[in-house]
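Pasting a structure here, questions to come.
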Amino acid sequence: MPTIVIDEDRCKGCQLCTTVCPKDLVTMAENFNAKGYHPAKLEDPEGECTGCTMCALMCPDVAITVYR
Amino acid sequence: MFEQIIISGFGGQGALFAGQLLTYAGLEEDREVAWLPSYGPEMRGGTARCTVTVSDEPIGSPITDTPSAVIALNPPSLEMFEPRVLPGGLLIVNSSIAKEEVKRKDIRSLRIPATDMARDEFANERMANMILLGALVSMTRVVTLDSVMTALQKNLPQRRHHLLEPNRIALQKGWDIAQQASKD
Amino acid sequence: MAKVLMKGNEAIAEAAIRAGCDGYFGYPITPQTELLEYMSRRMPELGRAFVQGESEIASINMVLGAAAAGKRAMTSSSSPGVSLKQEGISFLAGNELPAVIVNIMRGGPGLGNVQPSQSDYFQATKGGGHGDYFPIVLAPSTVQEAIDFTILAFELADKYRNPAMILGDGSIGQIMEPVELPEVESKPPDKPWAVTGCKGREKNIIRSLYLLAGPLEARNVILQKKYREIEANEQRHAEFMLEGAEMVIVAYGTTGRVAQTAITRARDEGMPVGLFRPITLYPYPKDAISSLVEQARVFLVLEMSAGQMLEDVELAVKGTVPVEFQGWLGGRVPTPSEVTQTIKEIRTKYLK
Amino acid sequence: MPEGEVVFARPAALEDTPTHYCPGCTHGIIHRLIGEVIDELGIREITVGIAPVGCAVLAYHYFNFDTVEAAHGRAPAVATGIKRVSPENVVFTYQGDGDLAAIGTAEIVHAANRGENITVVFVNNAVFGMTGGQMAPTTLPGQVTTSTPTGRDVKVDGYPVKVAEILAQTTGAAYIARRTVTQPKYVRSCKKAIKTAFKTQLAGLGFALVEVLSTCSTNWGMSPMEALRWLDENMIPYYPLGDYKVIDEVKALP
Amino acid sequence: MPEGEVVFARPAALEDTPTHYCPGCTHGIIHRLIGEVIDELGIREITVGIAPVGCAVLAYHYFNFDTVEAAHGRAPAVATGIKRVSPENVVFTYQGDGDLAAIGTAEIVHAANRGENITVVFVNNAVFGMTGGQMAPTTLPGQVTTSTPTGRDVKVDGYPVKVAEILAQTTGAAYIARRTVTQPKYVRSCKKAIKTAFKTQLAGLGFALVEVLSTCSTNWGMSPMEALRWLDENMIPYYPLGDYKVIDEVKALP
Amino acid sequence: MAKVLMKGNEAIAEAAIRAGCDGYFGYPITPQTELLEYMSRRMPELGRAFVQGESEIASINMVLGAAAAGKRAMTSSSSPGVSLKQEGISFLAGNELPAVIVNIMRGGPGLGNVQPSQSDYFQATKGGGHGDYFPIVLAPSTVQEAIDFTILAFELADKYRNPAMILGDGSIGQIMEPVELPEVESKPPDKPWAVTGCKGREKNIIRSLYLLAGPLEARNVILQKKYREIEANEQRHAEFMLEGAEMVIVAYGTTGRVAQTAITRARDEGMPVGLFRPITLYPYPKDAISSLVEQARVFLVLEMSAGQMLEDVELAVKGTVPVEFQGWLGGRVPTPSEVTQTIKEIRTKYLK
Amino acid sequence: MPTIVIDEDRCKGCQLCTTVCPKDLVTMAENFNAKGYHPAKLEDPEGECTGCTMCALMCPDVAITVYR
Amino acid sequence: MFEQIIISGFGGQGALFAGQLLTYAGLEEDREVAWLPSYGPEMRGGTARCTVTVSDEPIGSPITDTPSAVIALNPPSLEMFEPRVLPGGLLIVNSSIAKEEVKRKDIRSLRIPATDMARDEFANERMANMILLGALVSMTRVVTLDSVMTALQKNLPQRRHHLLEPNRIALQKGWDIAQQASKD
């Protein structure tokens, strides 16, 4: 099942991954990560992620790994 | 007296302004003062930091590896400066974001959830710096709170004067928390 | 006048403006950039010239043009950028053009870092460019001095038709301190040699080319005479607790102020130590140092470098008294405690 | 770890080191694309990168291959020196707009003109990022920077320099393109261009440069998301994306 | 002295001093044209010239007005400095192809780009004349010079730089033209272009440059007459004469 | 081997080729241009790299690239051009890259003229660029020495991973003299630090940036240790008629050979004068000078400058013996008779 | 009557003036001038010179004055 | 012996080659020699000039303001160097072009219409330099004529070897003229 893994501690909370997901699955978490940023998180209860890599393409910090 | 205080956080958390305020307060009291911001590549990654020196004699180096007091507004600042505080010095932590406990036992420390308090009480996260500064002044007595209030009055830009009162309250809040903590 | 808090870089800029700087030409580089930024705001407001050049080289040559036109002109940079200006500075000196150059030194060599340093002393004082020339070099140790010396630099540059340099370290540029901003009286002198259009006079030529050895020699003789004059008239330094000092610390700029703190502490402990703080690095205040040889039993030179000014002290002391040295490298600023420690060691070695 | 095949992950040519870049800085995306291209071409072990002076000055920490740090603006000269004595290496420079289009103007123009067989990735973010946001040659008309506090006045401060257009005029240039990375489709197209630029060198066809429009949210005073939008709306109209020069041999590349 | 009116003589803006130029060197003609234009515009007393480093380094001996000698390649920066603090002066640079198109590339590109209100007379003789005939950026393909002993190999030494074409790309340029002085008709046309370039400045319209193709019989190893012919036959085809940029305000000049 | 007549500039070029120079990068400037021209002919014939850079700055940075790639690289220029290279030289030193830079000095400051001069001594030996560093500086006085020292410069540069400079004057560059061209044995050492592609090893990084003061300090400590080592091992000089000399003339390069003629004549007249001719200007042969203090009653420093090496002599002599100076400015080369005249005056003053 | 005057000692003998005269009136002299060059000379026995300035236009040394 | 000889003329008159020949001749005789051409801006205006030093001791300065002998091939050279010749020195003038009489009385001088002779006798104006050099060697004996001939043989480029014989004759011619003149 396609999905993504966000390396929370690598994330700088820039949001670049959030608007490009065709399924709107990526949002910003409420919590702070170790660096003090709100990291991005995948919310995909229905397993909608297609592994399209859109989100990963936009990540400046290579914090997203995509599985398919 | 010779105090060197580092205030460090993300850009936007008001570290530089808090430092300037402290410097102006020192000037109010006719002390020797110096304010030195972080600059250059240090600033990438959204860091903002300054060193404030308040002294009774002319200031030699305005730079220090071993501050007498530190306000850490975010986790990287805590990580970077905890080991550097002078033994017997002071470390104040914005515990809303910097969650780690202070490990050193040879320094005084105080954790204040300043960002949360600022959001909850002033509906403005940016007030956290004033809360922490109030606490610092209380615990170091490097200047009087009055001097900080005067400096605030004189140096807050005109277009921000609506923030004068909230700033004052926040400073007082920090002062009170520190007073309280010292009693505990 | 009430004191205001000002950052060193901005204070230099404001001082230049008050000294009547007509044109500023510069290129960003840390830790000097605020100077350029300040100028970008203020100069156009005053109807004066501000150009962010495409490089340090372009900037120094724009300065050369503005100076040739008879105007007060200035540029500023930091170490690598100042290296790039060396050809231009040699041209300014060869053309006998007054101008002010600011070097807010950072750690080197190469890209180094942006921390405070004093390792461009040789470059500044011995002529990093080609040929026999010297810029006048002034070394402030506080923001107030940065202001005062900037004004002085414009005046000396005009007086001697020679480039003048403010040699500060990153700390001087970045620090914010209380200062008083003076109103400046001095007006630039008449400059009948300037290129302003030849209306009503013979044409003027600004040049440093003298094809034959004879004429260029003659030209250099004139320059050297000027340098001897500058050396005779313009040596400047500050003293601190020199009375009865058997150990004389020689340090300039930020190192000088750090030493001052350490000396105060040492005196408290009864150690006979004082500070000789050069203000002009060229002309070096060697006469005053030479005369200290009577009193001093040891000199201690402190620099944020591997030992550059040290040579000038040794040249002045001429082997009569030991000269010790401590340096800080790579953008490290000494702490007063380190200096105190050294003072103790030197005392043990020489003053027992 | 999830099941399934990894279809997107850090390229081997990129170190597993957090960068010092500000949140959302597209320097990071461009680094990754270079890493991916180098991986795909299998040239990591023969590549020599030249890091500029600018926010990308620490690029040598992030790239996982040999790197030289050049003085500000001089990367094309350094690259020339390497390529001339070691033509078997793949040599590229990574340069900002202050570095390449201000102080380094002569070096880039002449490297292009010599048809130097190197690849240049030119990151145009319309400011001097590293030094705190002063005007760059590429700053847009009216854009406020720390050295154009009332906005760039083209009559006084000059006009934004169109690097791709100017270098396309040199006979030595084989491939000149402009791209950006503000949207996934642009990211893909940018990667392709970077790949073409490296292939141009591998085929010995001469000078190749990809100008990449990039954001600097910190110095533009915006959030990273706002910066992407500002770039799309303001920079692209002034700096149209596209290929500015593609010689026939490059077109014919497989 | 013959009777009649003098219809051609030394202009007042030119000193009555023999030049150090080689016999037949067309630097001399170009100097004279500048002198004539300055006379005709009546601006001798407000003009400041910038002499380059190159064979024309001694131009200040020949021009009869204020002059500054610039470091090699930096004349446009020097001119900028003067013009910015003294806009009431007419400021022009006189530069060779080594000076302007090699070491001085950044300075000329940015002066043009800033639309600096100065005039540039650019003398392209396809070699470094002063230093004894090395390859210049403008040396033709195959041309033998003392640093291209087997002829300029464009694959190694780069391509001849087309200055007028490149600078015409800058937004700041108001007037860019190429002329020569190898025949009387060309001389007349060149003078007109130089005049337009000065008028452009007088009208405050921005950067103006006239590239003048010029001979260097000494370093080309020819007689002066052969050099004229060689220029016509070899340089003009590569560097076509004409106007490369004329903004409307310049066209409208009286 | 038969002697051939060779021009200094061409001899340096040929020596570099024999020393295995892989890449030459330069820009024309009188009086050095024949070196570049020679290289433009020979390097391509040998399949090596020759690039006429667009400027001196581009050239020194091309050298930096070629040196980083582990190859022997070289550039040459004259005074104004060398001023422009100062940033690059500082980078070479900061990066610890070996390379050879030739400065065929001309009259200055500014554009000056193209006559022989020695007025870039300070720039060369004290570091005209920014930061604490020194290039190794060799001063030939004949075309033969120009050849030998060029080869030595490549070897020392590699040995210490440091830029090395040939500091000659216009006369050395232009003169044609009989020389022997040696076959060179030396091979460059392995350069595991070079950027050659990271195949089979960790990646290499060539840089001089160390953001924090601590690491840059550490880096500088390493550099300074190297400089102390160079100073301990590589001081070189030549002596002529020093035996029994009570007057020691110190002069290098062309001035040294002029002095030699004058000394021969003076000795004929019974004057006890000899020549100390520094070969390395950095490291300065100060130990040998210091030890001459026993024998010498006066030192006479001769330079085609206003007195630059003079300071190094004074630093070595430390006031124990008088140091006199005569300089020639603006590209004027002294004649032996002038020197003889001075010798006589100094003798009258000190040796009677 | 139109004519030209060539300043013989200013002339460097480059010949640039010679080929442009529509009437072929300018040639090179046999003698050397003070500088050692063969100077240009006007040979116009018939007074054909029209003062057209062609020769002067080409002179790099401003050695020719034209009268009309 | 320490002789410094300047040979000066227009480019194309062969001043540099004549100087090199003299230098090689000195080398043949195992003397210390140095040849220094004029360079840089001096060369504009078509000037070519060199200084040859031939000496028994190592050569100090290869440059001189006061040559012991001068060959002036054209008028500017005569004008420039007549005042500079060492008293007692020698000045040889190509009188075909440099028409001025030699004014100094404290030097030896000889005027030879070398360009005319070369045109008339060799149909090649470029032979003038050899005539003048022959005369110089004769009058200074700085080297022997034989050494010059040997140097010529060794150093004339292969493609010019057809000029070997005419060059020899020209050198001899100059020598003879000088011999003759000294007898007059």
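All chains are identified by letter, namely A, B, C, D, E, F, G and H, in their written order; residue positions are counted from 1 within each chain.
Throughout what follows, a residue touches a chain if its C-beta (ideal position, glycine included) is under 8 Å from a C-beta of that chain, and two chains touch if they have at least 3 such contacts.
All values reported here derive from a predicted model rather than from experimental measurement.
Peer 1: Measuring between mean CA coordinates, which chain is farthest from subunit C?
Peer 2: G
Peer 1: Which of the chain pairs holds the record for C-beta pairs in contact?
Peer 2: C-F
Peer 1: Rounded to the nearest whole Å, what is the centre-to-centre distance of subunit D and subunit G, using the mean of the C-alpha atoms as each centre?
Peer 2: 60
Peer 1: Need the CA-centroid distance for the pair subunit E / subunit G, whole Å please.
Peer 2: 26
Peer 1: How many angstrom between the C-alpha centroids of subunit D and subunit B?
Peer 2: Inter-chain centre distance comes to 40 Å.
Peer 1: If you look at subunit E, which of its residues touch at least two other chains?
Peer 2: Where subunit E meets two or more other chains at a single residue, that happens at 21-23, 57-58, 69, 71, 102-103, 105-106, 109-110, 114, 130, 132, 137, 156-157.
Peer 1: I need the residues of subunit F touching at least two other chains; which ones are they?
Peer 2: In subunit F, the residues touching two or more other chains are 30, 54-55, 57, 80, 87, 91, 95, 110-111, 113, 207-209, 211, 333.
Peer 1: Touching at least two other chains at once: which residues of subunit B meet that condition?
Peer 2: In subunit B, the residues touching two or more other chains are 39-41.
Peer 1: Could you list, by residue number, the parts of subunit B that touch subunit C in their complex?
Peer 2: Counting only subunit B, the residues touching subunit C are 20, 23-24, 27, 33-37, 39-41, 57-66.
Peer 1: Which bits of subunit H are touching subunit G when the two form their complex?
Peer 2: Touching subunit G from subunit H are residues 10, 74-76, 97-99.
Peer 1: Contact residues on subunit F for subunit H in the complex?
Peer 2: On the subunit F side, the touching residues are 3, 5, 30-31, 113-114, 116, 171, 174-178, 254, 257-262, 264, 333-336.
Peer 1: Within the complex, which stretch of subunit F touches subunit D?
Peer 2: Answer in residue numbers: 22-23, 25, 48-49, 51, 53-55, 57-59, 61-69, 71, 73, 87-88, 91, 95, 195-200, 203-209, 211.
Peer 1: Which of the residues in subunit E end up touching subunit F in this complex?
Peer 2: Subunit E reaches subunit F through residues 53, 57, 69, 71-73, 98, 102-103, 105, 128, 130-132, 134-135, 137, 146-150, 156-157.
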